[in-house]
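Labels for the chains are A, B, C and D, by order of writing; each one numbers its residues from 1.
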Amino acid sequence: MNQLVAPARDLDKSTTPGALFSTLSIPIAIVALVVIGSIASPSFLTVNNLTNVLNANSAVGLVALGMTFVMVSGGLADLSVPANVAMGALVTLGAQDAVGIGAAAALGLLVATLGGAVNGVLIGYLRINPIIATLGTGSVLLGLSQLLVGGGIVYSQPNELANFVKSSILGIPVLIWVFVFVALILHPLLARTAFGRWNLAVGGNYRAAQASAVPVRFTKAAAFAMTGFLAGLCGVLLALSNGQARPIIGTGYEFVAITAVVIGGTSVFGGNGSVLRTVGGVLITALIGNLIILLGFPSQATGLITGAIVLAAVGVDAYFRRKAGRQ
Amino acid sequence: MTVGTTHEVALRMTGITKSFPGVMALQDVDLEINEGEVHAIVGENGAGKSTLMKILAGFYQPDSGEIEVGGRNASHWNPREARTRGIGMIYQELNLVPDLTVAENISLGAMPKRGPFVDYRAMNAKASAVLRELDTDIDPGTRLGDLSISQQQLVEIAKVVAREPNVVVFDEPTSSLGDKETRVLFKVITTMRDRGIAIIYISHRLREVMEIGDRVTVLRDGRHVETRDVLGITPDEMVRLMVGRDLSEMFPKLDLELGQQVLSIEGASREGQFDNVTLDVRAHEIVGLAGLVGSGRTEIARALFGLDRLEQGTITLSGETVKIRSPRQGVAAGIALVPEDRKGQGIIPGLSVRENFTLPVITRITNALLIFLGRERKIVTEMADRLKVNPPQVERPLNVFSGGNQQKVVLGKWLLSKPSLLILDEPTRGVDVGAKADIHHIIGEFAQAGGGVLMISSELPELLAVCDRIFVLHEGIVAAEISRADATEESVMRAATGQEVAA
Amino acid sequence: GCASTDSGTASGDSDGVEGKSICYVTLANSHPYVTPANEGAQAAADAAGVELTIVSEEFSAQVGAEQLNSCVSRGVDGILLWPADENSYLPGLLKAEQAGIPVVAIDTRAGEESMKLIASFAGADKYDQGKISAQQLDKALESTGGIVVIAGQAGNGTEIARSGGFLDELENLNSGLEILATVNADFDQQKALVASRDLITKFGADIKGVYAQDDTMAKGFLQALEESGLGFVPVVVGINGEAGAFDNIREGKQFSTILQPPFRNGELAIETLIAVMKGETVPEMVPLENTVVDSSNVDTLEPAM
Amino acid sequence: MKHFDIALIGTRAVQYRLLVMLLAVAIFGGVSVDDFLTMDTLQSVIDRATVVGFLALGLTPVLIAGQIDLSIGSMMSMAGITTIFLQPFIGNLPAAGVGVLVGVLIGAINALMVVVFKINSLVATLATLLIFASLALLLTNSYPLSSEDPIFGLPLTADFLVILTPRSAIFLIAAVLMFVWLKLTPTGRNLYAVGSDASAATSSGINSNGYIAASFVLSGFFAGVAGMMQSLSTAAGSPVAGAVMLIPAITAVVIGGTRLEGGRGSSLATLGGVLALGALTTALEYNGVPSYTQAIYTGLLLILLISLDRIVSGNSGTTSRARRSVRVAPRNSPHPRRNA
């Protein structure tokens, strides 16, 4: 009873139910989903299916990785994700003829990163509420992207880069490699670098971080710029692998990303969180989506099940934290 | 003061036990308060004073124990019930709503009504009356968030007084009040007591306890140690009961050979805050910055450190003129600032002690990419040992530590940055005697090692005991520079109240 | 819904419509099919010298209903409406009738009640497209085997018509085709790709046929199929006649599509409306021909978009 | 004596900017569109603002309480399909009542999640947004329901008092009533207190959780009304009716000057925001501006206004000795804000 309770991200030494729940919930949930899946459908536990699941969620997973930094730094959420995804995708295909696919993709990334940087300036430097700021920039950027293509759709010319993105290395699709690679960079970035520590501090107590010589504005802005970049990357990859892009390409991705981060256990208040947990969250959302189809539920049920799982996961976590007296 | 033995018992708490995860905050505590007495409660940080009071106010439920108010059982109640039964509470942290007006804050939870609507006229009239009683001219129509902290503290007191409670708890009410406000407060407390109200007064300033208290209860480690008449106890005895051992309240002042000039400010100004301030600090020296609340001391410290912009004037550090526009540049220039608002600006509650400790210097223990976790752990553990952070568990999140220990961590965090100039803004506010001695000790060591210290404190005795020199501010202007030899409470107060102008 | 000539009285002179104004409530501003249709409408309006104001309901019938009201209160001379669902426009249509403003529907039919208030409908018969698709699949698969349906945005008028026609025709034909699964992929390639991966995993080569309610989604399915490397070749039918679908038909990956040229659709709709405004008699439905494209005629036709 | 402080001037600026906006839109519309400045246009602008207006009104107390409700669109869809679905079974009026009740019920679920299970409102209502959007599709099999009595709801959008329609009149009355409640009654003031600092309010004996819960239920109620009105006046219950409503509703509330941080806001400001946005949309539409270009304008407007707000009431103002005690945005405020 009189046991010390460690914070959610520092659990190794702790044995209270809450801490145990926090540590083990993600692996347990993944295992449970895999078990349910294997019982439900013989085709579930096949390399092919699991690769597909990952492949389908890698692009949006990238956004979730960025969103982790946004949430940890106390930036709540980036709602301009769909716009930046669209920007990345449309610029890549739209500029392809003019500058060649490689440069076009780079340009797409640049534009999306700029979009994120604008968010960063508004939120980090002007200190505007992130929900409002990203709602505004999202609206503007999505409008611009549509203006850019005059409505409608842009197609890709056959090209090497697209072929590469659609290919596999060692039997694993390139998209998955990209996701894993980015996660492997971002995890230590949050957990082991000064920048990561700054994010945690800014989200934990903005003014104290400022008074501790943390570059608070830069940190917040960087989290959003980074998410802009990753949303752009998501768009570029989608455009290349689909061979076409439309302005609605990233619709709903902001919610998927938030869901993954939240299921991963990162606090919406900021101040704690981990990239690995988000990877877990992405896996869980991916498996749920897959199971819904394999179990033959109507695809409209996805929202219902995801929503219920979010409530359950966050509710139980909040319950244990409250029991531990540090809500 | 005579103790009202003839008075009725207003409030009785028996066998109160309360634990939080990881801490036994209170164990079998008894407390009995009479009507018409000022009952002081003292104890080290984390002794359980605030917790006991929060239980009384219905904020926490005790694990076991009985509460009786006005002869009726009140063991399990909520804040609202507690309030309607006449318990008034002035918490350690301000409990006001920044977006409402002063009058609305004062009437919060019980606004006067006319029909279904708020009776604004009655509400403002009531607020004016109470504020007048407190001798302040705060306009009841002002938005609360626009007031200074000390004004807010007064509103907090007005809010409770306005409800005409039977029992009033003051949990460190003076920690952000100046001398003048404190005097007014004491007058109010005396009036209330004489009206038969039972008053509980918590403070780390034993002088105040001696002055205003009738009886005093000492808590230690969540246990009741003793309840005595104030007349029959000395401050030294109180300290002994609190810490369980003898302790001289102040760190003995070392006489050190002063070294090179570490800091010199010339003609520093910031519109509306301070004007043409010139002062200097030398190595091995502890320089005090005294003044009434609102005299601009904090703003000088903030501007020095780069948290606010210095509009005019030059800063010279160890002979070099510097421009400091951000805390980062401040740290780079060798300055450290321990801010006055610990909860708001000092600590990151969710981060561990370790992470708090190394925040300003994290880039110094990082290679091109990653933080050296081993080295971080090592220097943090060493510093925690040196500062006697209790409990010595550096992986624990800082918010579960007591105020004094949090303050030590803030101090340690800045010592780790190895500054040449350490600015301390109210470093011992809300800190118990033991921790205070520890902190003074640390400050002394820092000066001994060759650093310069600029220390702001509203507790004159502290400044007088610790400082080599004192600059006194009056309305943003340096009113006097007083050497240790000449510094007395009288000389400092005269300058601070504008009765004496610097030569 | 009778094609009434008297609603044309609103335009006064039967000969000149020049300088008259038309309000066009379109489905969207930015969409592969709708955008060219809007362009067609604009071109036809320019040709006739009428002033065309295009407002977009962005796929929301409720927004469209309000825009319809707002067009009526502007007192325009004619309204072209792209219904996003069956009934939501009823109040606005009643107001239009009261104000004597003729309304023509484009591309999608509104509900029965509403169509009574609409002078004419110009567009492809989506229901018919569903029927044609059913016939194509049934014939190609000789009425046996499992198929999957990749449907458009749930509740969307086009989706409703294309699903309805398809299911009714299967029943009608007494077809032996078995629908293994129906998924909504919102007319979106990426969503179709994701859903198809799961479908292919689940059913594999049991999928003998695919009914994709547009070519974009057909493309998503083909992409998933290619990825899976399973190498079976189901009969894929799509709709719309996109350039990509033409390529796939040439390469033998897709069985057929139905050509539905959007630009022409827009033109046709405005021409019909202008005819109504002039007081001419127009048929209840001015159809856009549904041309089936398959390997036999793919080289003789132009893609719709 | 009247006491003018910066906060008051800030509030004035907020009210002022809406008027400026409306005026600018009127001038822009009047110049660019023939016959723009007519009673008919005004009627259509106000009527079009009604549905999003009800949602925005419901959102206002939630934001004042320092919370957010993302599920308003889903609640609206659920209310709409319920209203239409039940018509043949229990009659038109009872069906409308039950429709509103569905909104209230979902609002109560939100309240439960936030207050009892202590889930952050952003996450809780994101989840209910997903759940009920999905449920609406499942229940209707994704098809919009058509009313068997399409005439019943038509009077809601009929002419009424020259510039109004019955539903827009109800909306205006609701906005005024809410204004009176928020500004002049103790419970209204308490709501501001809760949003400004919930723990301080609690320690003053205010049942903060109760107020937060009530604000969610109220938001559900208004979303229910929006859904009911919408479905009746279009004679259809669409499962996706509310999906596009969230962003305009939040934009309208925020343009009006209600903060997402809680503690400040007003229903009349929301009304102004809704009307300004509606007028702008109408003027742009009349000019044939494509919807995506409109989105650019509204987005820019939102950013511009919120930045102005930030600068007017932000912490960049220099302070003079004369105004010592009356400062905006205290730097040493003892109330660090924890949530959005």
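Simple rule for what comes next: a residue touches a chain if its C-beta (ideal position, glycine included) is under 8 Å from a C-beta of that chain, and two chains touch if they have at least 3 such contacts.
These are the chains along with the protein names UniProt gives them: A, D = Monosaccharide ABC transporter membrane protein (CUT2 family); B = Monosaccharide ABC transporter ATP-binding protein (CUT2 family).
What you are looking at is a predicted structure, and each value in this text was computed from that prediction instead of being measured.
Between chain C and chain D, the least number of touching-chain steps is 1.
Of the two chain pairs shown, A-C and A-D, the one joined by more C-beta contacts is A-D. Measuring from the averaged C-alpha position of chain B to that of chain C gives a distance of 72 Å.
Chain A and chain C have Cα centroids lying 35 Å from one another.
Taking each chain's centre as the average of its CA atoms, chain A and chain D sit 29 Å apart.
Each chain gets a centre from the mean of its Cα atoms; for chain B and chain D, those two points are 42 Å apart.
Multi-chain contact residues of chain B, defined as those touching 2 or more other chains: 344-345.
Counting partners per residue, chain A has 146, 151, 205, 207, 247, 300 as the residues that reach two or more other chains. Residue positions of chain D with contacts to 2 or more other chains are 137, 142, 290, 292, 336. Shown here, the protein chains touch in an arrangement that is not a line, ring, star or fully connected set.
Contact annotation for chain pairs lists A-B, A-C, A-D, B-D, C-D, with touch applied as defined.
Chain D makes touch with chain A in their complex at residues 68, 113, 117-120, 122-124, 126-131, 133-135, 137-138, 142, 247, 250-251, 254, 259-261, 290, 292-296, 298-300, 302-303, 306-307, 310, 314, 336, 338-340. Across the complex, chain C meets chain D through its residues 28-30, 52-56, 58-63, 65-67, 69-70, 73-75, 85-91, 94-95, 111, 113, 154-155, 159-160, 184. By the touch criterion given at the top, residues 1-7, 10, 13, 16, 188, 192-194, 197-198, 200-201, 204-205, 207-215, 271-272, 324-326 of chain A touch chain B in their complex.
Residues of chain B that touch chain D in their complex: 57, 59, 79-80, 83-84, 89, 91, 93-100, 104, 108-111, 113, 116-118, 138-139, 141-143, 145-149, 151-152, 159, 271-273, 294, 298, 340-341, 343-345, 476.
Chain A meets chain D in the complex at residues 76-77, 122, 126-133, 135-144, 146-147, 151, 205-207, 247, 255, 258-259, 262, 268-269, 298, 300-308, 310-311, 314-315, 318-319, 322, 327.
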